[in-house]
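In what comes next, chain A is part of two complexes: it sits with chain B in the first one and with chain C in the second one.
Up next is the complex of A and B:
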């Protein structure tokens, strides 16, 4: 099985209603139908999900690790963006 | 609903059905660690576990109905070769991946409508087993059918292997639709459908998938029969030697 014949697919699973799909790993498969089946077989063996997405890995555009400082450092000094300055009333049990 | 089926008949039928699932499940387990890809290794083992789970439920219910103290292990591990009444199709050696996948497709294209019908069985426990099994079988059918299409309509190599698998295994498919005194009695009592009534649906599924896979359905010159009477191919003894080894070597072993 060559990489060209069975490209890589990223797998996303939604564990239950109301939650969003989460990346869980990847599979090799010839096409989308087979990728979906492979994802089901490999990643939902223990009741992990109610819905599966597969996306061709080649279709993902990723940030360059070398840009890490430029992209993510500037946010570190903006602590006022965190909602930690509010007192949560006791009556609000779950936030 | 003409008359009730005797307990002995139902026990024999459950055993027969359990044997089909157990033997094919065991064949699938032989792929564990040997499949062409990691993804397919898990897929084959998953299907094998579904089938062995169905066999366990069928054997357990057969033992309870019989009322002589036999449990699932007694049925699975402690009978002689002639006592197994599985289809010859399911005991065929795995061969290459094309043979394995086609064997699965032929069998599950039959079992899916069979379980569907049987989920209305007059035997409530069997109806419950069927209702669970039909979900598993539906996935087995989808998975094996997609592979038949991709191999048959794939490279020259995969198409050739698929054609060879069809030539080798097709003569074993007639056995699924054979009726005998037992199937007639159970059909009349509403326990399970006559296998012959499922043939049209099976034929339609196979035709649809073979058309997409560029495969032709061959004529069967000489149907291979005998499993239902305990007359097995020479491969069955070897299969049982491995399947039964632990219980024969360490009687009553629990884990």
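Up next is the complex of A and C:
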């Protein structure tokens, strides 16, 4: 098959409940307008959202899974970043 | 809808023992495997085969039902059938996208379908001569598919599991839609009820075959179970489907075409008669009544859409060239 490949787009939808846009999947489309239309047809058949973003997949820079430890492990040891690290006397009640 | 995805899936792999053990320990710990993670070649190959065949099944599955859109008996039925067929198209696209994360292109998958290198579920090679078949497909074929698909929501490969969650949510209306058609026919005239019975007679055995060969003949199941691509065996799922469906037929007042079907107190399940595996393999190998039509319809859709794909890409190039002369102003996303 000598077909030219139709570019891939990642689709993000903002649901009605006030949350931010969330990745829902991908579509192939020749340009942004068609990608938006395809995303609307494929990912919002049941009132899933109020706003759609499409981003060319090739434009996404992702962290390398091989760097996972270097990037994310150090945060595991920093328990003082969490409120439960600190002692508050019972008398103080809610804080 | 579901393909007998494991038929022909080759799970052999030749990585070293330490690599395979580390991978297996991740699977055993119920960690999801994501596209950029290291994985055995056999795992990748098995998933590409299973997901792409599942996707092809959704797409080809639009054809037998599409046959009745223009002849649905009422506007309500027509709107529901259109929505169902559109869902199947959407499900195919979610699944193609999940397979693409493993490094196969959409174009390659399409080519594999059209040349016959990849299979799709044999159930779609049966014809839909009457309106009752649309009821039987929703009730039995989608019912069997749901049995298969619910465990796939917990599949070890993240993108496949996520696509299946979406699909299962949408699929539940399909089965109800089919059962409602059967119910309407069964509470109609004797001729209408006979249409429903006739359709059940034709779809019951092929629906049972959708779960694939018996566990004793299912060659690649063990590896897929170990990798948690598959969570239940073919026979376990088939039994669950039979146990759930027989009472639904009794409610309709129609009979499964199996004289050996009988409740077993001992097993707490229905016993059933022998499945005609010769027919199953004949249809898998392309000998189904509609096998040639299905592929020639897909080929025609691909060929007739070629000029649209070319024109869309040419237009996108033109617009890009035009925009390259104007400076872009970045704005923060809303």
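As a convention for this text, the second predicted complex is superposed on the first by the 77 of 95 C-alpha atoms of A that agree within 3 Å, B and C clash if a C-alpha of one lies under 4 Å from a C-alpha of the other, contacts with A are read in each partner's own complex, and residues count from 1 in each chain.
The rule is short, and it goes like this: a residue touches a chain if its C-beta (ideal position, glycine included) is under 8 Å from a C-beta of that chain, and two chains touch if they have at least 3 such contacts.
These numbers were taken from a predicted model, which means no experiment stands behind them.
Asks: Once the structures are superposed on A, label A:71 by its partner contacts, choosing first (chain B), second (chain C), both or neither.
Replies: Neither: A:71 stays clear of chain B and chain C.
Asks: So in the superposed three-chain picture, is A:58 touching just chain B, just chain C, both, or none of them (first/second/both/neither)?
Replies: neither
Asks: Output check: A:34 vs chain B and chain C. Expected answer is one of first, second, both, neither. What do you get?
Replies: Both partners.
Asks: With the two complexes superposed on chain A, say which partner A:4 touches: chain B (first), chain C (second), both, or neither.
Replies: After superposition on chain A, A:4 lies in contact with chain C alone.
Asks: Looking at chain A, which partner touches more of its residues: chain C or chain B?
Replies: C
Asks: After lining up the shared chain so the two structures overlap, which partner does A:25 touch, if you call chain B first and chain C second: first, second, both or neither?
Replies: In the superposition, A:25 touches chain C alone.
Asks: Once the complexes are superposed, what residues of chain A are shared between the chain B interface and the chain C interface?
Replies: Comparing the two interfaces on chain A, one with chain B and one with chain C, the shared residues are 1, 6, 27-30, 34, 41-42, 45.
Asks: With touch defined as at the start, can you tell me which chain C residues reach chain A in the complex?
Replies: 34, 36-38, 83, 86-87, 90, 93-94, 97, 100, 105-108, 110-111, 163, 166, 170, 306, 309-310, 312-313, 315-316, 319, 333-334
Asks: Residues of chain A touching chain C in their complex?
Replies: 1, 3-6, 8, 25-31, 34, 41-43, 45-46, 51, 53, 62, 64-65
Asks: Using the touch definition up top, name the residues of chain A that touch chain B in the complex.
Replies: 1, 6, 27-30, 33-34, 37-38, 40-42, 45
Asks: So in the complex, which bits of chain B are touching chain A?
Replies: Residue list for chain B touching chain A: 36-40, 42-43, 46, 139, 142-143, 146, 150.
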